[in-house]
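Dropping the structures in below, format is structure tokens.
What follows is subunit A paired twice: with subunit B in the first complex and subunit C in the second.
Our next item is the complex of A and B:
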């Protein structure tokens, strides 16, 4: 019995998702042919398409939040990247965007080449050395620094050799798919470096970046609120349209990117030492540092990846809405944080999962879809969204009974029944066992 | 302040217990924490409550002080049945508790903390700072401490913060004062001062329930002793009828063997040689030197104890060696004959150092994570291949640690936060032993853990030094522990090295002589 209950409580996130899905099915209008519109393939694909951009952002946000941080700058970073992407696609010659994005792409290529080669060398060394020594392998200067650096330089050279000829003409799809995310990654890494190096609060640093990046996006775009339209086939390459169409006729391209990103990142969190460090830092950063974990590097990486995903989302945004603009990502960081929180990730860090975020994103997406199908006023939608956030978190944290007690005024004794009391008992058990 | 309690304190309370708990039972889910426990406390007595961790002391105290409101059994104050729904109600009845873990707001001042929630006000709206400051001073004076009521609590040392807690309880005019391990973070001098205050309070008619693991304290202080074991009441007797051994036997249910932990007289080669180690920490605008040149050699297979008072620089030595201090380290560290510079815990680990920190919850463990995840944390990367964690190896590693250290748990997947203090400490030690260190630095390795687990950790330290030739440094505030474990004891005072005593030379008195702070003139 209690096994069943705990199973239900562990999977309650999925129940929420199923409930909202059933609500959609049952309340859906029916087309003239008698089909359920909500359940139609086209509608469900629309939902996936709509959540993809928020979803990509939320994916990066999840890891940041698990480390106990927060990234408020993602919306603005996406804005910069949409501007860069649109500009590279539609404007010839050395524009502002090309001027700062290409060096950034070069730096990113250098860093990635360096990391990959070093990673391979370290692991080769590890499999060679006796496994039980209990110590890390130490690399000499040549293999630890020179070879990876050379590899990085080669990669950066190759990339620039590929990208530079595109500057005088216009960029192709692959070009922007590399450059825009690189820009995001660089800005994200700056966030991380400031937080780690300057020992600053993530909230402050990313808030500053949010403002700064918005300014940079506007400066790059030329005028305030300048919109850079992208007409595939006329002022940009026709293939760019592929990023908004169905892949193999089954799944919309943005959805594919979102699914790939979240599955990959979930695997990284679950299966790699990096993932373990992310949780350890959120759970107890001091203990992690004293255990010899490179906490600084890990944190910088989470912010950099968050920026990278914002960059990818930006390219998809440009493809989807056929434009790049400085206010493209306004408010997006809050949507993403809401989805992450609905997914059960604790803002205190140390606890959470990508699966939860996936559910959170879908719950949001399905809800807006249902409301749209019923033609409900978009402002009312906002109100309902807010209620959903509070409601799910109350259920998540099992605090609903506490709220009831609180509202019933302090005159009453604390309720003896209900989830919160049960939980308190569990906590008492825990403290008992601790002391 | 609250004067109304004064006139409610009748002389008739002498014969009748001030506080009586009878037949108290409490369960948490399936676990029975207390079953049918009785406790009588009379006005003016110091009643020691003893028992190993998990014996139910803390649970009983939380019931008495209104933290837990659902339990079986009855409570009486002066013969009147009571039940407390909250800590506030218990406080109103004159029962105050000082928890082992500090309950202060670090950013507020001493006076603000003492009167938190009961601030004297001007016109009911504004906090009357002047009045609370004035009211705080006599309380602090009563404790015999010269603390500025305006000082920020975060800037105080742990020992001083503890005293603020006590002042806070005093301000409630408590008739029953419960103290849960009040001395665990105090220096001997501070302990003495606290004992004076406790005796004085008892003389004035306050009943004190004193919980401590330290037998010598209890023998010195208590009038009567009650012992709990596994949630059951084992005995209550006047202290005069009990010996230390009798109390231990009642607590543990078995006799502890006194063991001699001296390592063989010939120790191994010098492993670590520290010369003129200095540490400066950022202080206001500039730097303040907190370690003024410490030098010692550490041999393989040796246990070096570091003694001294709180704040004497003991922890700082370990932090500097481990690259974990947030400051500037000067001096030379020679490891295996090679000059090394240790800038981060990562480098220290690579060189074969391990540090088991003083505060396992804040610095040692990821409480929500499982035992496997905690034990394998430093080695996750090392145990992985091509970026993928090898979960089986992590399990094997931690199962080995659980087995060799005797960690009592339901399995390696149990969350570390759900273990008892002693077992948590073993997890932290197990985490570091898995990295196969050559030098093990232990900071207060047995703080807040029960007698049985302590003994196991002593055995382990001895085994590691003797059989594996590990060099071990132990920092401890408990003299008997230091004397028992150390081959040599380095005594610190005010950030300076005062002397080194060999096992044959070391006695509590000699350590205290060296550890006593000297006035500025004498030190210079």
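Our next item is the complex of A and C:
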């Protein structure tokens, strides 16, 4: 019995998702042909398409939050990237967007080439001296710096060789799919470098970036045409439509990107040392640093990836809504944080999972869909969403009982104040013992 | 404790199901019409919704569903997708912007739902009908009136302050262009400001006017691209005691704003930028009942002065 209960409590996240789903199925209005509208394939695809942009952002946000940080700039970063993407797609010649996005793409290629080659060299070196299992491998200057740098330069050169000829004409799909995420990655990395290098609060740094990036997005878009429309086939390449349509007639392209991103990132968090480091930093950053984890690099990477995903989301946004504009991602960071928190990730860091975020994103998406299908007043919808956030987190954190006790009259309050904290501590020790 | 949670969750699910189910059992009506509004925060949009609801009340066979895009393209697209899934008989949409909503309007048309586009157009012409005001036409009406109060065609003279809505919006350019078709013909009319934008807002117009009052001893007419800006200019003039020397002209004529200000004697005149709410629903119903509708309907404007302001307010129930 207790086994069943603990199973239920461990999987309660999925139960929330299932409950919302059942609620949708049971209460769904029925179409004229007698079909359940909520369950119809089209409707479920709508939901997946609608959540995919928030989902991509939430994916990047999850890792940032697990390290104990926060990224408020994602909405604005997405805005910049939509403007860059739309401008590259529709305007020929040296635009403001091309002016800063291409160098950024070059820098990203350089950095990626450098790190990959260096990583390979370090590991080769390690396997050569196997008896010595230490983390540090000394590399001479040629192999440690020159060769990786050369490789990076070659990669950057190749990329620019591919991209530069597209400037006088208009960019193709692959071009924007490389450039826009690179821009996001660069800005994200700047966030990370400021936080690590300047030892600043992530909240402040990303808040500043949120404002700055919004300004850059507006400057790039220009005052008079704040919205850059993208009409595939007339002012942009027709293939760009592929990013909106169904892939193989089964799944919408944005949904595919979201699923791929979250599965990949979940695997990285679960299976690689990098993932372990992310959790370790969130648990206790100082301890992690003292035990030799490169905390700075890992943190910069999480913010950079968050920016990267914002850039990918931006390209999908442009495809889906046929436009890039500076106010594209307004408020998106809060939606993403809400989804992450509903998914059980702790804002204090160290605790959370991508599976949780996936559920959180879907719970939010399904809920909006259900409320919409019932034509609930949109102001009331906001209230309900707020309640759902608080409610789910209460259940998540198993603090509902504490709140009940707190609300009771002091005289009738049981003496077990903070019981859930105590219980969690016990459970944690138990799981530690089990493993 | 855990069991209690599950029970609570179960109870919550049950309760909400019954609420939702109760809500879903709307009366059996002949036509289900969905209206996707882009935002409801602006006063003009609120009036728009009021107009369409009032019109729907006159058609008992119509069930009207109104969605609020919350000023976000994403939300409005999701709203329309939802209306398509609900298989409404017709969709009325007032898009937040042309580019962002074109795709989903096309989707509705592909699903064989007649679409009525209101106020702002989309980049396709396969919709059933477009209904909107014509800002140039309204600008012309305002320009003609201003020439008249400044001395009449050919001999009009005086100093004019124009407060723009926004340099980046078509509506503002149209209201400017139409207006100047008349005032530019008069050599006696002097434009004091060069393209000052108040971003459609009362407070910004106040600041622009306050500066204009400092720089110019003599101002005869203020033309605001909407009523709140004309009113903001009025307040600025009032604060320096010069409101009696100046005539304030606005556009939009919402009952709660422009018309009331005209009735109070604060604005001299305002020109109606009609909401397509009532007309849109009428056209949709007539189309569903088998009637033929025109591809485009341009709503006429109406001059509101102290003579008719009170009557209009009474008609709107205020």
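Just so it is clear, the second predicted complex is superposed on the first by the 406 of 435 C-alpha atoms of A that agree within 3 Å, B and C clash if a C-alpha of one lies under 4 Å from a C-alpha of the other, contacts with A are read in each partner's own complex, and residues count from 1 in each chain.
Keep this in mind: a contact is a pair of C-beta atoms (placed from the backbone, for glycine too) under 8 Å apart; a residue touches a chain by one contact, two chains touch by 3 or more.
Given the structure is predicted, the values throughout are model-derived calculations rather than measurements.
In the superposed model, A:219 makes contact with neither subunit B nor subunit C. In the superposition on chain A, contact of A:27 is made with subunit C only, not with subunit B.
When the two structures are aligned on the shared chain, A:149 is found in touch with neither subunit B nor subunit C.
Legend: residue contacts after superposition of the two complexes on their common chain; A:107 is shown touching neither subunit B nor subunit C. In the superposed model, A:290 lies in contact with subunit B only, and not with subunit C. When the shared chain is aligned, subunit C comes close enough to touch A:375, but subunit B does not. With both structures placed on the common chain, the touch criterion links A:44 to neither subunit B nor subunit C. Partner subunit B is touched in their complex by these residues of subunit A: 119, 123, 126-127, 133-136, 138, 271-277, 279-280, 283-284, 286-294, 350-351, 413-414, 416, 425-426, 428-435.
Of all residues in subunit C, only 1-3, 5-6, 8-9, 13, 16-17, 20-21, 23-24, 40, 65, 67-68, 70, 72-74, 77-79, 81-82, 85-87, 97-100, 102-103, 123, 167-168 touch subunit A in the complex they form. Touching subunit A in their complex are the following residues of subunit B: 28-29, 31, 33, 53-54, 57-59, 68-70, 85, 100, 322, 324, 344-346, 348-350, 352, 355, 357, 362-369, 373, 377-382, 384-389, 417-421, 424, 431, 434-436.
Of all residues in subunit A, those touching subunit C in their complex are 5, 8-9, 12, 15-16, 19, 22-23, 26-27, 29, 31-32, 37, 40, 42-43, 46, 50, 53, 223-227, 229-231, 244, 320-323, 328, 330-331, 368-370, 372-376, 378-379, 395, 400-401.
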